[in-house]
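So, here come the structures, one by one.
The following pair of complexes shares a single chain, subunit A, combined with subunit B in the former and subunit C in the latter.
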Partner chain A sequence: MRLLQKLKRKSSPTHRGSGSNYAYATARVRAMKSNLLPRETYPRLMNMGIDEITRFIEESQYKQDVDELARVYDGVDLFEHALNRNLGVTFTKIINISEGELNYLISEYLKKYDIWSIKTILRGKYCNASVEEINDSLVAAGQLSYTFLSSLAEKESYESVIDALSGTDYYPTLKGYDGTNLSAIENQLDKEYYNGMFYAIGTPGSNDRKLFSKFIRTEIDIKNLSTLFRLKKAGVGEDEIADLILEGGLHLSMKEIEKLLPLPFSEFINSLEKYPYWEDISDIVSPEMDSLVDLETQLTRHSIKSAASFSHMYPLSIVPIMDYVLNKKNEVNNLRIILRGKAANLDEEIIRNQLVI
Partner chain B sequence: MGAKDVKPTRSELIDLKKKIKLSEGGHKLLKMKRDGLILEFFDILSKAKDVRSELDAAYEKANEKIGIAESVEGRMTVKSTAFAMKDAPQIELESHNIMGVVVPKIESSSVRKPINKRGYGILGTSSYIDEAVDSYEILVEKIILAAEIETTMKKLLDDIEKTKRRVNALEFKVIPELKEGMSFISLRLEEMERENTFRLKRIKA
Partner chain C sequence: MVDPVATTAMMDPAGLKAIGAGLAVGLTGLASGIAEKDIGAAAVGAMAENESLFGKGLILTVIPETIVIFGLVVALLIS
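And then the complex of A and B:
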């Protein structure tokens, strides 16, 4: 109950604009950023075997997480859990060191992890997975603690899970879940997340807030592009795609997307030429493209590249913090890609293509 | 049946002649069945080879795609997404007849599902997951097809073996023994005929 009150308090828009500790938080984040692995580490890791990589991770900032989880997991699973745990601890730390408006914005952004965990719990209840199985797939990197999420996983039914979340921002969406419409609820939660982000940003006044808004809107564009590619390639109808489009994109406004919706796949690709994303994806998209995996990776690269391009502009703002959040997430992703890729005997070229360095 | 066990009577000879005719007819039919089954087997064998190589390719691709999904999205994400996919493919088992051999016919439904009907939300997932699901759906389809063809092939092989044993038994054991018995009875009857003629001549003399 106290946690829910805390959540409500933190989520409250009344906190917007109240005293933020930008100087302190950005200084801490700058120090944390210095712990990130330098980009030249990844080619070195690519040349190592699994044992060498795991030793490298054990000797890095992830040591404590690996040691603590070693009694529960082993092999590559241990490292994946350790990486995720470290990510969760790091993001929670950022939430805890920030205050006022900054805290509000970061918390809103990191809600995506809470949504992910809630979806995992509902999915687990849907297929009668055991509590251990559900707990294994939780990542507590948002406002909701692992203990709280774990207590949700222990609930008997999805109804009890939803009841336990009453009073949170997710409840109005979750109460529409009837045990059968899981995918619709998942999509709705994701849409609400972006709507919430939009509400949090409001009308940006200062330049740094404008950049943050640009960052979020670019993320929406990328999400919409990915959705359009996936659904158009699968031949899904125009109306069904329209339901899954997020509003508020930077270059792909609703008006622009409405023009793209009726186009067949090949024409849709051609019509993307006029958008700034084309430069990054032009080499890999074609009407005959077999896989969208490289496109997704390229879009992620674009997102990180664009965040990095303005991260130094306003040192005492949310921008360098978001840049760190993205880079930390990317570091965890890269380490996992190398480890899991090598464990799955994936071709070196495939692993290299998935890395975002 | 040894020739010595046969009673050298005319009725036995007629009986044996009938049996030989029946056995030869059966032998001819079984030989035709065996040849037909062999032809059918070779036809299915080439299909089975194709399906097996397609299955191997699908398995390799599925392994690659799940490997990519697990490395980019994480095994936890893949596992969590898998929780949302509760509906298992439906399989119906029917049977049909190839030259008397009952072989299975497997009908599957809801193996391949459209991207937006898979149970997980689109906005919270990615192409890595989609492609892993796609490749596993294809793999399941190939497994079902391979199961049907390979079971048919196994059943045909069993039946060819059985038919071959019957043909050989008829050709090298049953028919020769019946013929031996028939020639024994014929000889014995001729001998008895000659003895009777000689006995009559002696009585007349």
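And then the complex of A and C:
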């Protein structure tokens, strides 16, 4: 057996697929995907009152989370917590069922949530939020557990939070935080996340790796596009926008974005025509647009659509798992939008515009 | 010079048939094993989430079993 393993290792110098259980993990994740709410559910939910929606969620796959948290929270907060908890549990489960290289790549991808939670805690400390308020927004879907994150939230000051993170990869960046430059640190964390992601992917040799790299780079494009739209709309200066742009986009490379930066809003929109994203956003984008909500939902829809098409190309790769991660996140977001919207008595049309179905 | 008598004794037809039959079953057995490995893992994965997939999973897992059955038939035909 040891001889076999040695031979296997020798024949694959890049360690591609070494010890990964693609078949098991992708089949399980696909079965999990079939448990997601079908798209016809959302119009039905829209027609329900808040009581019916809560009952619907209580009877769905979120039942266990709702039951466990029912002692501590109530009302819409309970469901928000239950949804967050379910997201965390599901993503941790994906990390736990995968092995080898697959596990490494998924953990790297889900570090996004660790960064999200660290940012939340620092922001909370920055504006003196209470421990409960910070705990409300934590999503423990990455490698850092909820217990650890909430122990960070309980710390007195941001210095002790950063000290507690001294063993992690984020420490070198966090060390630069002096209590005032929060947005710069946040931005740097994001940039480092994507650098780490590209390092983990390496030079994609196989087709499924190339697809995964394409998936990540599409995500960067979409992030950059929404940053560009938001900041251009707000009339922020060229240099300031350039700082916030992430490198490594698929269609919008740094060079292309540098060309877009000096353009005024209307010309910026016209010059997007040559990119593949235009097809999805052309109907809603105009120089006079007031709200960017439609645009952002459309961009999210585009990323989900492209992930779905990628996942059919290589069934035994990481891409179907990423497709599930996106869809699950979207489901939780949609449910939250409906719940919060209904609780705040928002107009049905406004809620519907926010949903990504 | 190779002794023709010795060569005939070494190449005993019954022995060669037995080796052929053994190879037919052995190699096809390994082949089915390799083929079933991923299917079985996937079936268990799917079943862990949805128990009703047991039947489908079982059927799909044993489909590569045909390879070893063909091997067995060939072995029986040879010997």
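Note that in this section the second predicted complex is superposed on the first by the 339 of 357 C-alpha atoms of A that agree within 3 Å, B and C clash if a C-alpha of one lies under 4 Å from a C-alpha of the other, contacts with A are read in each partner's own complex, and residues count from 1 in each chain.
Operating definition for what follows: a contact is a pair of C-beta atoms (placed from the backbone, for glycine too) under 8 Å apart; a residue touches a chain by one contact, two chains touch by 3 or more.
Predicted model only: the values in this text are computed from it and were never measured.
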Mind working out whether A:Ser34 is in touch with subunit B, subunit C, both or neither, as first, second, both or neither?
second
When the two structures are overlaid on chain A, which partner does A:Pro320 contact: first (subunit B), second (subunit C), both, or neither?
neither
Once the structures are superposed on A, label A:Gly249 by its partner contacts, choosing first (subunit B), second (subunit C), both or neither.
neither
May I ask you to decide whether A:Asn21 touches subunit B, subunit C, both, or neither, giving the answer as first, second, both or neither?
second
Once chain A of both complexes is superposed, is A:Leu231 in touch with subunit B (first), subunit C (second), both, or neither?
first
Have a look at where A:Val293 lands relative to subunit B and subunit C in the superposition and call it first, second, both or neither.
first
More residues of subunit A in touch with subunit C or with subunit B?
B
Would you pull the subunit C residues touching subunit A in the complex into a rising list?
37-39, 41-50, 53
Partner subunit A, residues of subunit B touching it in the complex
63-64, 66-68, 70-72, 74-77, 79-81, 83-86, 114-116, 118-124, 126-128, 130-131
Subunit A residues touching subunit C in their complex are 21-28, 30-32, 34-35, 97, 316
Residue ranges of subunit A in contact with subunit B within the complex
77, 80-81, 84, 115-116, 119-120, 123-124, 126-127, 129, 133-134, 136-139, 182-187, 189-191, 223, 226-227, 229-231, 234-236, 240, 244, 246, 291-293, 295-297, 333, 336-341, 344-346, 350-351, 354
